[in-house]
Amino acid sequence: MGSLPALLVRPVAGHSTSTGEHTVSALTLADARQIIAAAEARANEIGQPQNIAVVDAGGNLVAHVRMDGAWIGSIDVSINKAWTARAFEIPTVDLGAFSQPGTQFYGIQVSNHGRVMIFAGGLPLRRDGRVVGGIGVSGGTGEQDQTVAEAGAAAL
Amino acid sequence: MGSLPALLVRPVAGHSTSTGEHTVSALTLADARQIIAAAEARANEIGQPQNIAVVDAGGNLVAHVRMDGAWIGSIDVSINKAWTARAFEIPTVDLGAFSQPGTQFYGIQVSNHGRVMIFAGGLPLRRDGRVVGGIGVSGGTGEQDQTVAEAGAAAL
Amino acid sequence: MGSLPALLVRPVAGHSTSTGEHTVSALTLADARQIIAAAEARANEIGQPQNIAVVDAGGNLVAHVRMDGAWIGSIDVSINKAWTARAFEIPTVDLGAFSQPGTQFYGIQVSNHGRVMIFAGGLPLRRDGRVVGGIGVSGGTGEQDQTVAEAGAAAL
Amino acid sequence: MGSLPALLVRPVAGHSTSTGEHTVSALTLADARQIIAAAEARANEIGQPQNIAVVDAGGNLVAHVRMDGAWIGSIDVSINKAWTARAFEIPTVDLGAFSQPGTQFYGIQVSNHGRVMIFAGGLPLRRDGRVVGGIGVSGGTGEQDQTVAEAGAAAL
C-alpha cells in the first residue's frame, strides 16, 4: 500500500464526535445560516451561483440553498459533498486523491448508495477540533466550489 | 369511481407554467427565503420545530431548513411534500384524500421513486394564478404542518 | 383531521437533541452493547431469535446482532425500525397507528427511501429526557418484537 | 486479458459451501462476536476506531459494531466489504487489483447495487477450508483496515 499520507494519520482526539464521551457539540440552524451566508458572499464575489448545503454531526441536512441560476444537478451533489466530508471527516478533494485508480480507496464512491462524492467542494466543519458537521458546495469548477466551501467553513 | 372533484378539473391556464408560452415565472432564492421566514414564524408561534422546503417550477429544491429540534426523518418528507404539491399541482392533503384504498389514485405513492407524499403539509405555490413551485412542511401533526405551509405559501 | 393524540403534542424540551443548545448526549458502543444484551436476554426468555439494532442520535448504526436462527429479511427491518424510532422520535407501533388508511400520516412509509418502518419493534432511546438514538427489533411477532425492544430500551 | 492469477483458479472444494452436500458450516453469532472481539483488540492496539462487520455463508449480516469515533461513512463500507469478500470468496484488496482500469474485472463495483467494495479490509472467513462468511473493516487507511480484518479472521 506504500507510505500513508499524513492527512490520514488522524489523532484520536481530532476525528471524533463520540469517543467515549457523553456529549457532542451540536450544529444549529443559526450556525448553518452563518456558514451559508459566508459561502454565498464568496460565491457572489467570484460571480458563480452555487448550491450550498450544511449537515450536522449525524450527517443529516440542516439547511440548503440554491442560488439563482445554479445547476439543478448540483442540488444532490452539494448535499452529498457535505455528507461525505462529515461521514469520512475529510475534505472531499482529498478523498478524491485517495480514490483514483491504483490508490487505496479506489471504488469507494459506489458505497453508501451513491452518496460518496470524491471531488472538490466538501469540507468537514469543526468546533473545538471536533467534527460537528460538513459543508458541501456544487455548481462551479472544482476550484470555485472549493473556495466557496472554505469561506463557509471559516465562518463557524 | 364517481364524479371527479372540482379540484381536479383544472383549467389549462391554471396548471401550467409552459403552455406554449416562452416565459416561466421563476421562483428565486429570495422568494424562497421570504416563504421560509413566514413559515418559520408560524412554526415558532405554535411552538413546533419544522422542516421547511421550497421547490421551483421544475420541482427542484431551492432551499430547505431544519429548525433546531425538528425530526431528521422529516427532512426527506418536507422536500418531497414540496415536490408532490408542485408535481401534481395540488395540496398533498387533497391528493391524500384521492389516494385512500378504494379511491381513484390509490397506490400513487409508490410512483416517482418514493417522492409522492400524500398527507398534509405540501402546497403548490402560485403567482398570477400559475403554479411556480411548492412548499413542503414536516415535523409536526398534519394540522401543524398544514398551518405552517399555509403561512409560507401566503407570503409569496 | 380531528383531535390530535396526546402522544403527538410533544413538549419542545422532550423531543429534541439540538434545540439551540450546543451539546448533545452521545450514545456509545458500550451503551449499545448494554442495550443489546438486555434485549437479547429477553429474546431468549421468550424463545424467539431476533435481529437487534441500535442507532445513535444521528440515526447512524452503532451495533447490530442477528441471533442464531433469526430471519435474514429482518436485518434491514431491525436497522430501519431503530432509524425510524429515532428519526421521528416515536415508537414505530405508534407511528403505524397514525399511518393507517384515513389517518394523518398515511403514506409516510414510502418516504426516506424505504427506511420508514410502521409496525411494532422500534423505540426511541432517551437519556435525561432527550432522544439520543433508537433500538429496532425484528424477527418475531409484533408483540415479541415490542417486548424485546422495551427490554433493550429500559437498559439505557 | 493475460493469464489468470492462481488466486482465481479456485478448487471446487475451496469455494463452495453447498456443492451437492447437505450441510453448511454455519457461522454463529458467538463466532461473529469472537471475530469482532479480536478485530476490535487489534484496532485498539493500533489506535484506530473502526467499523467491523461479519456476514455468514449467505452473505447476510450477523453482527456489526461501530467503535466510538469511527466514521459513519464506513458503516456501509464495512458491511459491504464483508459481503464482497464472501460473495466472490476473495480478499477485497485482491478483487481491487483485478478491477483497475484495463484489467479483467474493471467496472464490477457498479454491480450488485453498489455492494461490491474493491479496496482493502474485507476477507473471506474459512472453516475447514470452506468459505463460511466474511469480515469487513472500514474506518482507517487500507493498511489499518487490512490488519484489523486479518486479526478478526484469524480468530475463527
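Points to keep in mind about this one:
Chains here go by letter, A, B, C and D, matching the order in which they are written, and residues are numbered from 1 within each.
Going forward, contacts are C-beta pairs under 8 Å (C-beta built on N, C-alpha and C of every residue); 3 or more make two chains touch, one makes a residue touch a chain.
Given the structure is predicted, the values throughout are model-derived calculations rather than measurements.
Of all chains, the one whose Cα centroid sits at the greatest distance from that of subunit D is B.
Note on chain placement: the centre of subunit B and the centre of subunit C lie 29 Å apart, centres being C-alpha means.
Centre-to-centre spacing of subunit B and subunit D amounts to 45 Å, using the average Cα coordinate of each chain. Across the assembly, subunit C contributes 17-18, 20, 28, 30, 58-60, 113 as residues in contact with two or more other chains.
Taken together, the touching pairs give a contact graph of some other shape, not a line, ring, star or complete one.
The chain pairs satisfying the stated touch condition come to A-B, A-C, A-D, B-C, C-D.
Only residues 1, 4, 8-9, 12, 15-20, 58-59, 83-84, 86-89, 101-102, 104-108, 110-114, 116 of subunit C touch subunit B when the two sit together in their complex.
Of all residues in subunit B, only 26, 28-30, 32, 58, 60-68, 72, 75 touch subunit A in the complex they form. Interface of subunit A with subunit C (complex): residues 17-18, 20-28, 30, 56-60, 113.
Of all the residues in subunit D, the ones that touch subunit A in their complex are 47, 49, 68-74, 76-77, 80, 96, 99-101, 109-110, 114, 116-120, 140-143, 146.
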